[in-house]
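The following pair of complexes shares a single chain, subunit A, combined with subunit B in the former and subunit C in the latter.
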Partner chain A sequence: MTGRGMKNFLVLRLLQAGIVAVVVGALCFVLMRVLPGDAAMRIAAGRYGPDARITDAAAKIRIELGLDRPLAVQFFEWLGSLARFDLGHSLVTGSPVAHELQVQLGASVWLAAAALLLSLLIGPIVGLLGGLKPGGTADRMGLFGAVTFRAVPPFVLGLVLMLVFSRQLGWLPPAGFGSPREILLPALTLALGLAAISSRVTRNAVAAVARAPYFAFARYKGLPEAVVVRRHGLRNAAIPVVSYLGLQAIYLIEGVVVVESLFAYPGIGHALVHAIIERDVPMVQGTALTMGLMFVAIAAAVDLLTYWLDPRMGKNA
Partner chain B sequence: MNIQLKQDLVVRNLSVHSREGTIVSGVSLALGQNQPLTLLGESGSGKSLVAQAIMGNLPQELKASGQISFRDADLLAETAIERRRRWGRSIGLLPQEPWLALDPTMPVGPQVAEVHRYVRGKPVGESAAAARENLAEVGLAAAGALYPFQISGGMGQRVAIAMAHAAGAELLIADEPTKGLDATLRDSVTARLRQEVDAGRLLLTITHDVAVARALGGMIGVMLDGRLIEYGPAEVLLAAAQHDYTKALLAAEPSQWQRQAQTLPGKCVVSARGLEKRYGDKTLFSGFDIDIAAGEVVSIVGPSGCGKTTIGNILLGLVKPDAGAVTRDASLSPLRFQKLYQDPPAAFAPHQTLRKGLADVARLHARDWEEIRALCARLKLQEALLDRLPGQVSGGELQRFALLRALLLEPAFLFADEATSRLDPVSQQEVVRFLLEIVAETGLAVLMVTHDRDLAEKISTRLIPVAGSGTLAEAGMAG
Partner chain C sequence: MPIAKAFFLTLMLGAAMPVAPAGAEVLKVAGPWEIAGIEPAQTGYVFSRLQVAETLVTTDRQGALVPGLAESWSVSDDGLVWTFKLRRNAKFHDGTAVTAENVAESLQRTLAGVGVLAQAPIAGIAAEGGDVRVSLTKPFSPLPAYLVHFSTIILAPSSLEAGKVVRIVGTGPYKVKSLTPPARLELEASGTWWGGEPGIAQVNYLAVGQGETRALMAESGEADLVFSMLPVSVDRLKANPKLDVRIATIPRTRLIKVNAASPFFDQVEERQAISAAIDRVGTTKVILRNPDLAATQLFPPAMKGWNDPEVQPLEKNLDKARALLKSAGWVPGSDGILEKDGKRFSVTMLTYASWPELPPLATALQAQLRQVGIDVKVSVGNSSEIPARHKDGTLEMGLVSRLYSIVPDPVGTLLQDYGPTGSDWGSMGWDNKEMQQIVEKLAASSDPKVREPLRKRAVEILQQELPSIPVTWSELAIVSSKRINGVEVDPLEVNYGLSAIRWAQ
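Let's turn to the complex of A and B:
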């Protein structure tokens, strides 16, 4: 990429990140306010537990956190802090949001990375086998698997895996955090959903390359088969698979929320769900913002990778 | 000619069989140094199968019998592995449409270098240097870092020749080497092939272009329906063809056609003023004016990439001009402005029978099936063809179906975008003849876009030459 092209690319992505931050923040803010129930009451319950004096506690909290001020004031206050890279403090625990996110985000990134890695071990290989012989047994089995795993929502798939591997076979713990054994089931739940799509994308890409005249011509040039596949097959087949990874980020991020709650995995998705229940607005905004920015970052990384793989991108004939 | 010439490749009684029967039968031919061989024929005549039988890349379901002797080896007796080992090393293929045969994501330099590296086993640095030399031999010294999408079709074909040089193949098989190239590029590719012959390489060329066969010289074989119907030295065969099909083939060259009688143009159907189109920083054309009246055939002639197709698409309203305006006769429904596409198979849904596709068009536009039957009869298309898939009829037949589909909507204006450039000369002549008959009968206005000046001169009422540099000059051609 030329220097100017790279600069434009980065500026564009930063701009996008800024817009994502404002939109996500505003949406969270509005959605949290329109949720039924009294926010102060929920926060009080989150802090002290539901006891007899909760109404008094709620009244104190309302004044302490300024929840009775106009909405616009509260929103611009949040935006102002954000501009100083200050995400505020959790309404429930009182510790800085940034600090809480750091811990949870780390856990989630591990989970997402593990899921992505597993899906890349499954999807492209299944797809390759199908694409080399379209319509064959491997292709049909791959299609069946892809339809099944994509049609089953992650929370059902997670439960099924839990029942099979934890309850019946007893091989893996059903929940928890700390060792690779515990990350395996939630990661596999996500990976199967991801691989369902990436296997089909790979299959079509491989089949298209295998049919392409340049693939046949590489053979006619006299190149050995392994060289034909390595030099002219892999890169061309990888281009659509890699660009599709960008779209899969949506599935991954949304899946993280569901799967973490299901497996009681202390990541950012788990935190988001709890923050919503407890009406911890700064935490909700912080987690949602992090997820949104993660999406922008993944999309940018995928763009760069595609650019590196495919010389036709951004160059004029 | 000299009968004592050494024959390096001798094909005796070659037949190709499929499960359904014999597709190519009893082909015998020979070629040697300084005596190239060109096989002429339409698509489906079996000429490509002969080349594939020699190359050893026939589709698996086809079997070849007979004898192919190359130097002292009997090729058909060799195993698939032995035959593949010859690819590049002793038999090289010059692909049709080389811009599709080059890896789109690798610069051409490394694509040549890898032949040295992996076929001849040279070290990396030496391979790169040798590749630069090969590219320089074909006049592409500066092109090594370019990607296939950055070079022209003619350059692509020269890259393929550089690869053949790199591998050191003694026999070159050129499969439709000029397909899709305009006349200038075609001549330069043909000249390059002639140089290969002069340099002592063996050359077998497959083409439907008589001009290529004439320029290459040597021997010519004409194929029809899987048989070699005529075979002889180029100068003899082209001057005094014996077989009726060969005569028809030679007569079908546009330069041999009768000029069309001029018809009186009717009222103006579509006109445009001051058209301009830019792509990026490049101005394709500007200040372009055009008027097309009913009953007129107007041709825009120019090399590839000069923007002539864009003009047609602007007139149809498919592309917006950057400046200028198009006026279409307001009394006509937009449906009556139709287009005939360059590549007929690409203009039909591949898995749908022609009958189904046409029935859908008829239903959508409330036409009677009888009209389709009448048009089938008019365009001499047998109704049995309707139950086939688009891939199962010939290119000429399919283009006539495309014409039929357009005519079903009673067009007032038809934009024929290189509509016959991919057809063999006989089919081309047929399609053009039908088109001109329809023009005479219905007063259809036609815009032809073509790179074939001979064709344009014979059939058009007016001809607009377009230069490659982005300037257009309208030149009225008096009848």
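Let's turn to the complex of A and C:
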């Protein structure tokens, strides 16, 4: 990519990020308002729990938060704050949304990163072994594993891992956060689901590369097998795997919601579910916004990585 | 393959490395409550139960009121002024003394917010001559019980910034070392408690929402003390030789809230029929794994004086249910569903999942009511839906879980629940003058001789009129590791007594 190409690329992505911010914010705002149920009542139940006198609390909350003001006023207020990089305060906990995101999204990013790392240790290796000899034992075992781990929902997989590693072996804690010890089980739950797919993607890519004329040529010219795989196999096979990583981010977001609740891991998935139930609009908007921007960033990173792996792509674009 | 080997070693290393428990001297506690916001009205119960903050009055294990931060209290002859005498040796965690001024200020803030204090007829709270005076607009005997509620925990002035609670500086045996909302709270001995030093100096609390995960925490030894176990896990945990399981009945009743103003439940026969149609014993046996929890009356046996062993118990009797419905004018239609004046007996039962047992209970009730020709649709929503539908009058039936020890004197709850307009979790469309007068009199008098017959009559009316149809009582299961001694269950869940726990020798 030339300097100019890079500049265009960045401007395009920044523009995309801006559009994502406004669209996501507006959508959240509208969707949260059209949901059935009284917002003040929901917030009251979220704050004071189901034993409290919710009707009385809701009356106070309605005044405190100005929920009876026109919707347009409330929306433009949010937009104005956003322009000042202020995401507001959570309606339930009262602390700044930015702070909650820092803690909870931070926790989730660690979990997602650990899961991705584990899945990269498992998936591509299993796929590589299978792809080099399609139809062989490694390939069949890989297929069986992939089907099993993708078919089992994360909730069940998580429980099984807990039973094995916590209850039977006593190696890892079934819940908690803060140390590498506690992140392993939830990360492994997610990683197995991720690796199930990435191993198949890798396997197919490797199998395609192994059939390619340049791969055969490398062998014919007398390169040792390890060098053939490393120099001609890995880089070419990596392209679809890397592009696929972008898509896996979506699986991760979907997965963290369940896995975080199961493992009592205080991440953003768990927080988002609570925020939606409790009509914590600033929290939902802040979370959705940050996640939307993360997707833009991930897409950009994947593009750059693919270009680095295969410079031909930039020329065609 | 070197990579595969490296990967294998990494995994094994990761798994093997942490086997040695880090910091074995920390008492690890797990419970279902998340700490979302530290405003006492929201999550004060976490700090009260874990003994970080204290209230003026507290309860003993039998539920009787005993001194907390207040050493004693008395009421003026006209019943309008309560005086609370404070402990001399109480100190906040920041080292400052607990003065009457601090306490009055802390309570005034509570009074202005959301919580039970705002529901008592309080005219003012002031510090006078080293005591705290609460003046009332009318005599109100349960006032000390209101001061047990977690929203009334006494916090030091240094807890506040710009009128908001930003940290918990209490008076209990433990102080907050670090708090990571919503899941983790680390505590250490405060060194300033009037009651001495706690047996174990370090406590870590972890909020674990899933019941199954909590059970696994206990089984794997990752938690020494785990609160609120699911009924399905209890038998398995009891069989574990490393664990102790303690169970207490708590003053919580799961009940059907009916709209007594709707054409389906306006006659007492209809409500009695619903009560006779449900199989409490079978339901509790299957869903709660304990048939003794079948609610044969509104208040559970643990509520002495409120549970009346002489009252005619509520029992399943399908023939009686059918006869009652017939006398109320309901006759079976062509499809077996009852009809009256061309209207089908088809109602919606709202419930919520804040307590995991409510949705399965609702579907069990649905099947049971179908047997007498009542068509029930179950709708599981948010807990705020029931108060909302109470308010706009559209609720037909709701399955709710009602706590009678929000203040340890149930009169506090009855005042709300069975007043002229009912309340969120109480009656709806049921306007019973006799009941209202009884509750008013109970609230005004603290003389046991006056209260006893009133209490008996109130229980009779509720049993006869069934503005709320009791289904099951509740229990609290606590699991502890054999590594610790001195665990007690507090049925009112005011204070879990962590400071009395010691490591087993």
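Here are some notes:
FYI, the second predicted complex is superposed on the first by the 306 of 317 C-alpha atoms of A that agree within 3 Å, B and C clash if a C-alpha of one lies under 4 Å from a C-alpha of the other, contacts with A are read in each partner's own complex, and residues count from 1 in each chain.
The rule is short, and it goes like this: a residue touches a chain if its C-beta (ideal position, glycine included) is under 8 Å from a C-beta of that chain, and two chains touch if they have at least 3 such contacts.
Every value quoted in this text rests on a predicted model; they were computed, and no experiment measured them.
After superposition on subunit A, the partners subunit B and subunit C are accommodated together without colliding. Touch criterion met: A:N236 reaches subunit B, while subunit C stays clear of it. In the superposition on chain A, A:I253 makes contact with neither subunit B nor subunit C.
Applying the stated contact rule after C-alpha superposition, one finds that A:P174 touches subunit C and leaves subunit B untouched. By the touch criterion defined above, A:L111 reaches neither subunit B nor subunit C. A count of residues in subunit A touched by subunit B and by subunit C gives the higher number to C.
Of the two partner chains placed around the shared chain by superposition, subunit C is the only one that A:D51 touches, whereas subunit B remains out of contact.
Contact with subunit B, but none with subunit C, is seen for A:Y214 once the two complexes are overlaid on the shared chain.
No C-alpha atom of subunit B lies closer than 21 Å to any C-alpha atom of subunit C in the overlay.
Overlap of the subunit B and subunit C interfaces on subunit A: none, as no residue is touched by both. By the touch criterion stated above, subunit A contacts subunit C in their complex at residues 37-38, 41-42, 44-58, 60, 90, 92-95, 103, 121-122, 125, 129, 159, 162-163, 165-167, 169-181, 184, 261-266, 271, 274, 277. Interface residues of subunit A facing subunit B in the complex, by the touch rule stated above, are 212-214, 216-224, 227, 231-232, 235-236, 239, 309-312, 315-317. Touching subunit A in their complex are the following residues of subunit C: 1, 3-4, 7, 10, 14-19, 22, 30, 36-37, 39, 41-42, 114, 118-119, 164, 180-184, 206-210, 212-214, 216-217, 219-222, 352, 354-355, 381-385, 387-388, 390-391, 401, 403, 406, 416, 423-425. Those residues of subunit B that touch subunit A in the shared complex are 55, 57, 84, 87-89, 92-93, 95, 97, 100-107, 114-115, 118-119, 147, 149-150, 163, 167, 280.
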